[in-house]
Amino acid sequence: MQNKYEHIKQEAYEANMQLPNLGLVLFTFGNVSAADRNLGVFAIKPSGVPYEDLTPAKMVIVDFDSNLVEGSLRPSSDTKTHAVLYKHWDNINGIAHTHSTYATAWSQAQRDIPIFGTTHADHNTVDIPCAPPMSDEMIQGNYEYETGFQVMNCFKEKGLSYEEVEMILVGNHAPFTWGKTAAKAVYNSAVLENIAHMAYLTLSINADAERLKDALIKKHYERKHGPGSYYGQQ
Amino acid sequence: MQNKYEHIKQEAYEANMQLPNLGLVLFTFGNVSAADRNLGVFAIKPSGVPYEDLTPAKMVIVDFDSNLVEGSLRPSSDTKTHAVLYKHWDNINGIAHTHSTYATAWSQAQRDIPIFGTTHADHNTVDIPCAPPMSDEMIQGNYEYETGFQVMNCFKEKGLSYEEVEMILVGNHAPFTWGKTAAKAVYNSAVLENIAHMAYLTLSINADAERLKDALIKKHYERKHGPGSYYGQQ
Amino acid sequence: MQNKYEHIKQEAYEANMQLPNLGLVLFTFGNVSAADRNLGVFAIKPSGVPYEDLTPAKMVIVDFDSNLVEGSLRPSSDTKTHAVLYKHWDNINGIAHTHSTYATAWSQAQRDIPIFGTTHADHNTVDIPCAPPMSDEMIQGNYEYETGFQVMNCFKEKGLSYEEVEMILVGNHAPFTWGKTAAKAVYNSAVLENIAHMAYLTLSINADAERLKDALIKKHYERKHGPGSYYGQQ
Amino acid sequence: MQNKYEHIKQEAYEANMQLPNLGLVLFTFGNVSAADRNLGVFAIKPSGVPYEDLTPAKMVIVDFDSNLVEGSLRPSSDTKTHAVLYKHWDNINGIAHTHSTYATAWSQAQRDIPIFGTTHADHNTVDIPCAPPMSDEMIQGNYEYETGFQVMNCFKEKGLSYEEVEMILVGNHAPFTWGKTAAKAVYNSAVLENIAHMAYLTLSINADAERLKDALIKKHYERKHGPGSYYGQQ
């Protein structure tokens, strides 16, 4: 008899395996989850298991209140952050977390990544936000759970939509990305790393580099995402 | 019966596949075309199709006025830029566009790449030009079509010949390169990325680094491209 | 009849072979050892032998006073440093030494690596210490032996525990790392290189980047290493 | 009947093939030669031939006065520089030239590479010299021939021995390295690139980083190269 969570285990497994392939993780420093909204659960990487030892069957099933539903292994230590985001953001079905080199450096520098070019604008119309480090109370309390709120609060304060901006830096920590699928969340992690790398170089070449002009931001985003978009095969 | 565009489809396919091999693209962020001047058309990558799924048959045939001639897939979103350049620059048969990391960083920094050494001089006698970002009118209008004119106008204003300088940076965007063949255009993209990387490092080591002296510029270019050239086999 | 050192030869061999796989060495610029406390010896890489020519049988057995116990090849030129550390630090069974690019650059810059983020805090609660270059007397005397004391003295002066901080930079030289096993020592070398890379980028992006706040340092370290740790599979 | 140059063709072929394996060349931007002092000739890479198309038989045989001795292909455009160095420096049998990224950046910055650490001191006791760009007369005359003299003059002026320092940067151009064999020359190219990379990072981390102290320079060089050396297997 087939396990009813098999599809999200498979999806989460494949998305997790993309992280080392895309050069986004060292050892086990990353995790991806895939949610099924109808079942109200998500499949996530087990904690501390090397990617070469992963199998779909090892994925852990957790509900949106962080309760373990199925699985013999302990889920990723960041599981509660995933749960909080799934619970409050209805239209995402995948979340990825990495410590990828350049995006993490921007997180550590506590700087938003300025929108310097069309590679950035193809995916976002705003600077990549960097949430401030959490208060001591939040850290000492339910840390990973609060990390989810830190992410959401940052979006609220900046007036951002999680459906338009699918990535964030958590100050002193590292990036989180999400999307309609786990694969899209991983795609966003790779794009963010690329944007972070190029923005770093841009400032090194020209410390006074200017943000992209509004018309160009709008144009590039709309040709990929607007109603009259003409990038890709419909 | 053989398709009459098969040779340029094959050429465009092979040249596109070089982009990931040379480390010049992430996902689908790049495209190459190959033209046949007699037929008045070019073959170009379909939009948003991953490189691993490409085949020669998937290449799209377009004429120099951007009309779709053959193909079931939508052509690259940058197709009109290619068409404009083929239409106005008679002696090129290949064009490549990438968002390669270092060249794109210089584009975002809106800086010409200074000619610092013989690697650069082996291919060009001038700084790699960076075209300014387009006017809002050009952006809001026929954007990709106007990008072609932005490239050509930059060459006109600087008095450059597209037959001698086969590469440009478009400000806030990324590089375009071209050549007698699609393979040469891709070769130029890789050379440009290498030059961009080394120029960035040069300025980091010595902020006052001087441009190459004229005698050395002339010597290196001529030994590879002059009438008495002695680089390569004949 | 089985060689009584076979297990540490195998362990040292496998750990050494991880260095090139993890991109931590050029040519032969690195070495790993594995100790057996009951036998009072360690197995170490032979000096100057390329990794592709290594076999478990080529590992050299040395005691904690640097006496050659078994092996037809000359041991690593850094052997005495390993011996001193094993002799004085009872709870380590593996040591790794590399000239990995970013960690070595911090050594050459003679700078402690500031704790800028949670990747660092997951492994250490303090800045990665950089021991000052040795006195001329120590260098001209028993150099590699004294290097071991330079490492230990630095820990003493800074009040650090070698069981909590498993890595150090030796000024003008390069990093040493250690752990309960040779594999853990190599793991620490890779983590250190990653931390060194990200700290370098962090300072390049924001020269005034602040160290991680205390609550976050404590939280991240404890979730991985404290009594109530919840990272990994118990 | 065996070709009497077969051994140096094979040696030059294998050494040339190491350049792409070690990540030191893009396309054909590099060349290695192997000399036979008894025969008074050297084998060198043909000009502009991609590494994947190289075979031992394609190597070109040239004497120390740059005369073509055997081979159907045109030799590397840098052949005269090799010939001059073989003619005047009796104890070298291999020369390598690359445009490797970091070493070339230092050449373009026209800066000697300061001796910052023991990786450097293991191979050299001095800063890696950067020869100034040549005079216009030298460039317009017999350019590649004069490049050899530019290298030798720089060593003369700085009082360096080519047997102790086996590498140089040519200002605005790129590095040359040499050694007792072609393989050693290539080894030196890789070491130089590594040193150049780490020195660049060192200065980025600490603009006031100090050169290695004399005692440490002496110690590291002597343990690898002095009469009482103890690195490697005798």
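The letters A, B, C and D name the chains in turn, as written, and every chain counts its residues from 1.
To be clear about the criterion, a contact is a pair of C-beta atoms (placed from the backbone, for glycine too) under 8 Å apart; a residue touches a chain by one contact, two chains touch by 3 or more.
In this text the structure is predicted, and so the values were computed from the model without any measurement.
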item	value
Set of chains adjacent to chain C and to chain D	none
Chain-contact steps, minimal, separating chain C from chain B	2
Same or different contact residues where chain C meets its copy chain A, judged by the half mark	different
Between chain A and its twin chain B, rotation from the CA superposition, multiple of 5 degrees	90
Separation of chain B from chain D, taking each centre as the mean of its C-alpha atoms, in whole Å	33
Computed distance of Cα centres, chain D from chain A, in Å	46
Chain C residues counted as touching two or more neighbouring chains	204
In contact (per the touch rule at the top): chain pairs	A-B, A-C, B-D, C-D
Chain D residues touching chain B - in the complex, by the definition given at the top	26-27, 29, 46-49, 73-74, 77, 99, 101-102, 104-111, 133-134, 136, 139-140, 143, 172-174, 200, 203-204
For the chain B and chain D complex, residues of the former touching the latter	116-119, 187, 190-191, 194, 197-199, 201-202, 204-206, 209-210, 212-213, 215-216, 219, 223-224, 230-234
